[in-house]
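Structures for review follow.
The same subunit A turns up in both complexes below, where it pairs with subunit B and then with subunit C.
And now, the complex of A and B:
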């Protein structure tokens, strides 16, 4: 089991390393873009928690799918894509990789939220919501990329979804984002639903992943 | 032709391309139906097109980047380039086939959009050719050239970056985000770090150069009928650039040696030309959150500068005549001849909005020196001449003049005005109505591709007459009734009847407050309706009455009368908003007699109690507070605000609606609002109520 874990982490490390400078886009968004944007309030106003709510949900979930989609690109568009899925031991590795990347991303986001907590007090309901939304975006990217056999369209869909539902259509039932105060446990109802939908999408993606191996064998 | 057919069949056979493509075609149909549904429901064609077609189109452009990239990159993925290059002009032929295939697949949704716009025009049912032309241009620029630019970008990325998909994904993501309002908050960061707007301007410069569809996803600014969707010449330049520039990059790959070098030079020249033309774009409608946008430019500019008050300033001379030669192209280019009545003075001061760059000031004897200080121009003596010639060019973010529309109201200093006067009123948050007390003779000639409507008499863009201010409007603007000018596509247009009714309401109000001398004749003046956007950042110029014409964004009789009276009954402080609004309503008899609020009488004892509480409640100050103090501060602030509104509304109702002395009260407060008194409005109202109700 420990050997399996080491092997998974080793492959994940190599795949992230393979992204070279593009790997640093999500950390840049998390550690520079989001905190600075929150601090720079609109037209000279002080930073506010509502600004933090908006910008965290706008940027953090949309860039959550960055690493996963860039990893998945190797499985759909690289010259060695056939080789990557022929080994029996490879089964469900993509799903475990998606979950690992989500965990890593949420861990980094937690550092940013520690900083936000020092500014605004209780931000942990918002953090839970952002973690669920990030999981949803990763699950959406994972299932779509396996369904469509490419990563370009899931990338466009990812940013289109975030832009449309965070910037334009706020009150749709299809919207995973919430414009609220995130002040009590009641604000976790929607994120819990989002997490459940994300799990369904991950499972759907996993079924597609298994078919991918069957076809390749 | 054969290659083209093959290339097209490759696209159609590939399920990774054809299935999403058909999905996008279905999406275009859905978007069109939703747009139609939105129009049927809200009767606002600009809003429907903006919401359902213009804002989401960036993702269709991104989809065509995908199509362009995936269709072209196959040659590189399969190492076909060397093989194709072995044939005479082989690579050029292969790329041409891909190019024409892409243009074909772009043409289908573009034609669908075009057909939909023709149908929409038919459905709207307005027989107004400029609107049809506007929709046609919109379909070509936003839904034709932009989609083609997307496909070209994808093709160029495949040709240059080959199989480096990570770079392609990153560039596409950046392009998408720059074409939405994702950038609003990050672009404010440089101001936070450097306390300067320079970097923000540079960032927006880059963003604008990459913006194919303005009024982006996330923007809540409306489209105003006089302007429609922004389609200034620079937007066509940018769209054509993003079609041609990627094409030259692709062509560079097709040749070797000398032709390759020539094409590289051509693409560099094209880039220079594109950036150069973009740099001299002039007046462009910027409806977003940037600091120099339509809504924020002037408030921020004047808030950042030393406050100067020129309210009582005497110019010491008057302007007898203006001869204005205006050219409106990318921005306003003006040569204005000014004849003064007092040519013997040692110095003259003029007001000209700071956005206009003054090139020279001349008299018959030649150029004379001048100093420019923001909105003000100072010159010395005229050496015996009585006429000055100002040559300048420039723009205002709000009062634009470009190839698409013109909105230059006479109270704004777009031409030199005698003496110094403020442009912006910081206290009232609005533009100062800058009009002289006398009339001048104006001769105005406007060179523009647009049909210009002017407050003076004339035609063919030439006008002449006497006034104390000249207003110019153009765009989707027309004479909708005799002497009434408005946007034909706007739902609330003024009519002769509504103007006459407004005049009657005002006359009645002036007689009630004992000021028959103030009665205004509205019906003998030209009426130019201003776009509703004028109220976006200004509280002061909703309606301005000049000696020969009126500019107003109001249309209905009550609204027009109210906005005219608002320009007379001026606020004393921000706190008198509720009381003054109610006062105007009772003065103009605009109150809704059926409303529940008027069905019952004011509980005077409760009113007195609330008055007492409001008087005793200190105005909270927020300095260096602890958390506990802060909570108390917020509670006190909230209570004070609640009381302020309740006391204002009840006191106004009692004084102007229920009181036996209501006529006297109306007169008293009219004199108060039109005087220089600095007494607090609500305090005065409380005193008045107490006097009537007794201790």
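And now, the complex of A and C:
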């Protein structure tokens, strides 16, 4: 088991290294774009928690699928994808990567929220919501990319979804985002639902992943 | 060691392989056929990439889909190769070691040996995307031999290699075939003539000939009569396929 974990982490490290400059996009968003946008605030006002709620949900979940989709690209468009399939160590090879990358991304986001906590106090309900939304975005990208055998369209869908539902269509039942105060446990009802939907999407993607191994070449 | 029994593969309504049966022990087998004959489909079935509609691939008399260890005993070079282009050649090989489940402690030695085998040791620190097409092909051969696999499935291994590298490859195959099964799919008959003891001729998804290469040469002699020229595998192959056409 430990050997399998070591193998997975080694490959994940090299896959991320292969992304070169693209690798730095999510850290830039997390550690520069989001905090600076929150600090800048609307003209002449102090940073506010509502600004933090909006900007965190707008940027953090939409970039969660960045690394996973670039990893999936090698499986869809690399000339050597056959090799990746022939020597797979398990039938959930991609699913385990998606979960690992989600964990890594949420860990980095937690660092940003420690900073937000120093500014606004209790931000952990918002953090839980953003973590669930990030999982949803990764699950959506994973299942769509396996369904379409493409990573570009899922990336576009990802950003379009975040922009439309965060900035324009707030009341839709399809919206995973919440505009609120995130002050009590009641504000976690929607994120819990989003996490459940994300798990369903991951399972749907896993079914497509199993099919990929035998029928898609 | 590896066998194919009554294998049929269809894509939609098109049947690409028709009841293929083969058996291979240690040695080098040349899989010869024109473009579209079904070579790559057969190799992909043998590597476990395609599920056949009927029949099975057996390794040590057991179906490969039930054998977890088969992938570890398999070295595979796909027709197209070139992965993780932003990594160095060494890192790409390291990735392949990890993919094949080779213990970390053995990776450095395995990589050095494989790169030396294809004469790429000096390029280990170069990025994959900076390598020429022939070098990438050689890197593909190197990754296939990582971990000392017992079965090597090589799909068009010499495509894109210059004459000296092709000669080097032929010599390497002669060494490799001693204690393992090497299946070399190609339409370059000279490669088969130079290093394979056995030939499999596939045409339209059917096996036309399977046996020692000397036997195929004799077929050519029998058909053409004694001309004084030493018969080649190509003569036998051409006679077989032209007879069908």
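Keep this in mind: the second predicted complex is superposed on the first by the 213 of 217 C-alpha atoms of A that agree within 3 Å, B and C clash if a C-alpha of one lies under 4 Å from a C-alpha of the other, contacts with A are read in each partner's own complex, and residues count from 1 in each chain.
Basically, a residue touches a chain if its C-beta (ideal position, glycine included) is under 8 Å from a C-beta of that chain, and two chains touch if they have at least 3 such contacts.
Treat the numbers as computed from the prediction; the structure is a model and nothing was measured.
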Could you tell me whether subunit B and subunit C fit or clash when both sit on subunit A in the superposition?
-> fit
With the two complexes superposed on chain A, say which partner A:167 touches: subunit B (first), subunit C (second), both, or neither.
-> first
Regarding the shared-chain residue A:7, is it in contact with subunit B (first), subunit C (second), both, or neither?
-> second
Quick one: classify A:82 as touching subunit B (first), subunit C (second), both or neither.
-> second
So, does A:73 touch the first partner subunit B, the second partner subunit C, both, or neither?
-> first
Return first, second, both or neither, reflecting whether A:19 touches subunit B, subunit C, both chains, or no partner chain.
-> both
Name the contact category of A:58: first (subunit B only), second (subunit C only), both, or neither.
-> first
Subunit B or subunit C: which reaches more residues on subunit A?
-> B
Please work out how little space separates the C-alpha atoms of subunit B and subunit C at their nearest point after superposition, in whole Å.
-> 9
Once the two structures are superposed, pull the subunit A residues common to the subunit B and subunit C interfaces.
-> 19-20, 79
In the complex, the residues of subunit B that touch subunit A are 16, 19-20, 51, 55-56, 59, 62-63, 66, 69-70, 77, 163, 165-170, 172-173, 176-177, 180-182, 184-186, 188-189, 191-193, 217-218, 289, 291, 296, 300
Interface with subunit C, subunit A side, in the complex: residues 3, 6-7, 10-11, 14-15, 17-20, 74, 78-89, 214-215, 217
Considering the complex alone, what residue numbers of subunit A touch subunit B?
-> 19-20, 22, 25, 33, 36-43, 51, 55, 58-59, 69-70, 73, 77, 79, 148-153, 155-156, 159-160, 163-164, 167-168
The subunit C residues in contact with subunit A across the complex are 44, 47-51, 71, 74, 76, 78, 80-87, 91, 94-96, 98-101, 103-104, 140, 143
